[in-house]
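One structure, as structure tokens, below. Some questions next.
For reference, chains read A, B, C and D in written order, and residue numbers begin at 1 within each chain.
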Amino acid sequence: MTTTPDPDVRTDTAYAEMDALGVGALWRHLGGLFPSEPPARAIPYHWDYRRLRPYMLHFADSLSIEEAQRRVLMLLNPGMRDTSATVTGLYAGIQIILPGEQAQAHRHSSNAFRYIIEGAGAYTTVSGERVHMSPGDLLLTPGWRWHDHYHEGEGPMMWLDGLDFPLVNSLDTAFFELYSDAAQKASVPDDLSSLQFIHGRLNPSWIGDRGPSSPIGKYPWTETARAFEAIADHATGSEVDGISLEYTNPWNGGPVMPTMACRVQRLVPGFHGVARRHTAATILHVVRGEGMTVVNGEEFHWHEKDVLAVPSWASYRHLNDSRTEDAVLFSYSNEPVVKALGLYREELL
Amino acid sequence: MTTTPDPDVRTDTAYAEMDALGVGALWRHLGGLFPSEPPARAIPYHWDYRRLRPYMLHFADSLSIEEAQRRVLMLLNPGMRDTSATVTGLYAGIQIILPGEQAQAHRHSSNAFRYIIEGAGAYTTVSGERVHMSPGDLLLTPGWRWHDHYHEGEGPMMWLDGLDFPLVNSLDTAFFELYSDAAQKASVPDDLSSLQFIHGRLNPSWIGDRGPSSPIGKYPWTETARAFEAIADHATGSEVDGISLEYTNPWNGGPVMPTMACRVQRLVPGFHGVARRHTAATILHVVRGEGMTVVNGEEFHWHEKDVLAVPSWASYRHLNDSRTEDAVLFSYSNEPVVKALGLYREELL
Amino acid sequence: MTTTPDPDVRTDTAYAEMDALGVGALWRHLGGLFPSEPPARAIPYHWDYRRLRPYMLHFADSLSIEEAQRRVLMLLNPGMRDTSATVTGLYAGIQIILPGEQAQAHRHSSNAFRYIIEGAGAYTTVSGERVHMSPGDLLLTPGWRWHDHYHEGEGPMMWLDGLDFPLVNSLDTAFFELYSDAAQKASVPDDLSSLQFIHGRLNPSWIGDRGPSSPIGKYPWTETARAFEAIADHATGSEVDGISLEYTNPWNGGPVMPTMACRVQRLVPGFHGVARRHTAATILHVVRGEGMTVVNGEEFHWHEKDVLAVPSWASYRHLNDSRTEDAVLFSYSNEPVVKALGLYREELL
Amino acid sequence: MTTTPDPDVRTDTAYAEMDALGVGALWRHLGGLFPSEPPARAIPYHWDYRRLRPYMLHFADSLSIEEAQRRVLMLLNPGMRDTSATVTGLYAGIQIILPGEQAQAHRHSSNAFRYIIEGAGAYTTVSGERVHMSPGDLLLTPGWRWHDHYHEGEGPMMWLDGLDFPLVNSLDTAFFELYSDAAQKASVPDDLSSLQFIHGRLNPSWIGDRGPSSPIGKYPWTETARAFEAIADHATGSEVDGISLEYTNPWNGGPVMPTMACRVQRLVPGFHGVARRHTAATILHVVRGEGMTVVNGEEFHWHEKDVLAVPSWASYRHLNDSRTEDAVLFSYSNEPVVKALGLYREELL
């Protein structure tokens, strides 16, 4: 083949001609494609639960569960609304369900969990197991497992929904299916998986099926409380995160699902954490107490039940200025994703 | 807290008020967020090398390497130009470099490789090792390794650039740095890593540093040719992919880099592959021969050096209707990503 | 070199001459070296605790801890006394320590654990952590960690010692060292590792050092009891082992140490297990109840605190003929060893 | 239960009584069971091939293959003849087969390999694949694969047999079975696995069955020679082992079989290695050249085809005092075993 330029090709028309062929010129995009640091798409953001709650109650009253299918306020990062994400790859929403309501059974390839905020008497049925909810419980719905919710208690029930659908959608790996009925029938004893796995680091030997996600339907708050009480003030903890505990998959000791790490941390009175940044995007939820997180120099004062978005590579530090009260934060992040792909970086500042 | 709706909240203003708080209503987005199957963002697409080549030669002539930094035609999927991607998570470009040209040393957290198409006499310096290029060679530049290119041969040199920056950018994990000089100095013998690793499945025992990526700078075509010749017609191969060989990381037998699997496959004369679809997005490059790939029912007739995009979950099958000539395809995909995250699905059709 | 036999070599003298050169003739040993099935070196054996206990009390009275260093009755399999093993690769002993006694601090490359049988008030100090003992507790001393015992309670304290020294010795990998003092000083709070790891499947995020063994100093019986109570009769369990739970390493979900798997199983009233055999050698200890295990057709009737040896490839089944009482067995085996080396086989019979 | 000693128990009779119950007193064995360092069971030993060869030729002449089944001189360590081992856990033998001879097909759970020393024209059939032998080739027979040998060439054929039966037997995991016929029929093309796997670090994508051992039937000397030639004098190599290359399992980059690591090393003229010791037991075979290995201070001068046993924890160093000739050593060790079990230690001296 010739290596001589064709005189008929002219720069002034070439770009348009190439565009029609699905071709762009890298030299016109280089900076955007290779930023020196991760650009701030997601922004640090704070959702004040006290301001959200009236809307939840309003729509619980005015919008039926049949209309809504899932009655959820999505916490959308103002910097990345196009992807309905809360931070990179992750989503958070607040769901409300009323006594007698049934949320239609379905399944999706996205991994999901629920962290219970308010109420009592509801349950999620996951693969035939009814998992009952109380505040502080972490309930898992790993990808492609049938799940539906039912509320047989009194008063509204609210929880934080955590999903990885921004990631799953961005990878073009999303599937969804409605169940043939409104709800699954219970096929095993209630809360079976928690009963079998949660105590004493003991694994049932008779269970052979070991997928990539934790088999535990619920990590109850009672056990988390027991852990904090046992650890008490004996632990050194982390200078950045205090007494930070990770929920684990009993089959491999790793994160509960391949795309999301879930943690709960106790900040003792007077805790002033060291600042750091890392390439895992993080969502925090205040379980108890109040305090402050400084993200990229901006102060976010949070109270019980609030939600906070900390983007990838944002510097952040936690402070609990109370002299007497603990603060407890639940958090989840896409750390398993960036670690699995060799893209994790962390810096103490 | 009260569970009674606040009468001051009104549906007709609630959506705008919530929007100002970074809140959306899931019931208004549900279908878009949970598609029943991965929606076709990327489209199946075919780049005809004979049509691209004149533009490459034109810009090689009219645009200096100093101006361009990297003189590359980006192969942009018409369905996802916003992300400068060729398929989901992956990028392909055709780079051209002329004798005497030097492409500035830099590094980025994106993983990259080069698959050589035309020319002789150029080399890439990766972490101080000069890696010389010949057509059919696969050269790796795993994330965050310094690399620069120099052409000391004659005639233009063209290669296919494969990168994962659409993924790395979407995860907000992109870093980039320019080297202090235009080029690195050679600090080890030329092609050292290939010489040490490529033969006989033997691993050097004295190398302790084992990152997540292959340490091999170059998988030379001469060895690939030797493999095809040895296998000859003895292998059953795959009914969908023929004699398909994966380039491997000698430390773990897995893909060459954590985000991209690279393969080369031989379609014997008369090969009619079975159709399949999977959730890994794939880019194919024709090394030799001609044939057809049917993607989602659409026929793409390809020739030597062409590039073809096969999106996630698109069904596709390969055919080589020649009676005498092999076709050889090089391909890469994000299969390691979707497998690591538990999101891989595959169906024979 | 010539390939003609040397006429001076004569069969009648060759064997002796070869022997002097460190050479044997395979054709004279073939059957012994390649048995069709694992030959019965270890035999099935039953140690009746009621018969051992008088000797323990006797030597506790007549032999000082200074003389004995460790006052232990070794349970030696009559079939393999040359290796001081209880079954292949594993050892069991019953240790007794009296109030005020101190067992000298030392460490060895063998992995060890203690399963507490009787008494209260003693502790083991492992790497500076005092681990207090109660009946039913499992205490770990992974290889090469300093450990010493002290009894500050009342009455004798007895426990089952489990070690892998027959394996470690057979591999010629045994090391041993005495500590500079009689006892270690406590350097962390008592029972710290249990407090930090045992509840709710939560892992401390601040602990970076993750060796091959569990970091948990003690798996307390209280948690095991809680697990059995929670599981209750909801679980199907195993048809061979009943409600069998494996103690796990929180870092990887695997066995507590690389050479020994520890389990505890509940046989409900009327349980008649299916027979099986496998290539892992097993030692069982009766925590509670009574029952029978049939090993290679021989019936072993066991009572509380007894020990039973089940050799590799022996068929065995458990029966609990009580109409009202559970039987609970603690067991350990070299299953992780044979699995890691690809030598595990199992058959239901 | 009482904690008072029974006055009827008397020390002078207790030991015999306990012995009858399968009980020993630890305080009488403590030193032997917990040595400060691995005791020297195996001794350093050197087999001079020139002295062995006449016996091989003699028995080839005087003992039919039918009588011998396998005509092998076992290299038995004088320190551990009871286990028919060459070093801890490993065995070496020299096998000889004559033209027209057929060694009966069988299989065993022990892993085996052959390293070819002399001759041409024989092949091993492994799982239906005929694998042809030439000097310097490494042939694998992983556990439980049918294998038989046939010699259709001229002159005697000798090779080094390496097996792990001392380990497999000591774990009571040995199984053996004779094939229904004298020989397997070839069911795939000759040398298929080598042809498919040996070149360019390329793995066949169509092979799904991935056990714990390498699928490669033969690592031919031609490829090893190519590797040494390519590496030439460019590599720094190891200060203890020179240019040491490990044969790898293409599925995981690890050792060829779970129990044995195989390596080949080039000692350049004038090489004086650093001394070290480790807890892996090692067997060396001289492929080419001559030199000296100093083991625990004792000098062993070796020549082509000799075999040398280096026990666990023996210090050793290699020297090649030739001014012009390389020395090449093939070696195998139980390093994968001791590493998998957390028992590996190494020291440079």
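One rule holds for everything that comes next: a residue touches a chain if its C-beta (ideal position, glycine included) is under 8 Å from a C-beta of that chain, and two chains touch if they have at least 3 such contacts.
Source: prediction; values computed, not measured.
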Identify the chains adjacent to both chain A and chain C in the sense defined at the top.
none
Report back the single chain whose CA centre is most distant from the CA centre of chain A.
D
Listed chain pair A-B, B-D or C-D that repeats interface A-C [over half of contact pairs the same by residue number]
B-D
Calculate how many whole Å lie between the centre of chain B and the centre of chain C, each centre taken as the average of the chain's C-alpha atoms.
51
Distance between the centres, which are taken as Cα means, of chain D and chain C, whole angstrom:
30
What parts of chain C, by residue number, touch at least two of the other chains?
none
So the complete set of touching chain pairs is A-B, A-C, B-D, C-D
Within their complex, chain C touches chain D through residues 1, 3-6, 8-11, 14, 17-18, 21-27, 29-30, 32-39, 41-42, 45, 47, 51-55, 57-63, 67-78, 81, 84, 88-89, 93, 106, 108-111, 118, 143, 155-156, 165, 167-177, 211-213, 257-259, 279, 281, 311-313, 334, 337-338, 340-345
In their complex, what parts of chain B are in touch with chain D?
188-189, 192, 194-206, 216, 219-220, 223-224, 226-227, 230-232, 234-238, 241, 243-254, 263-265
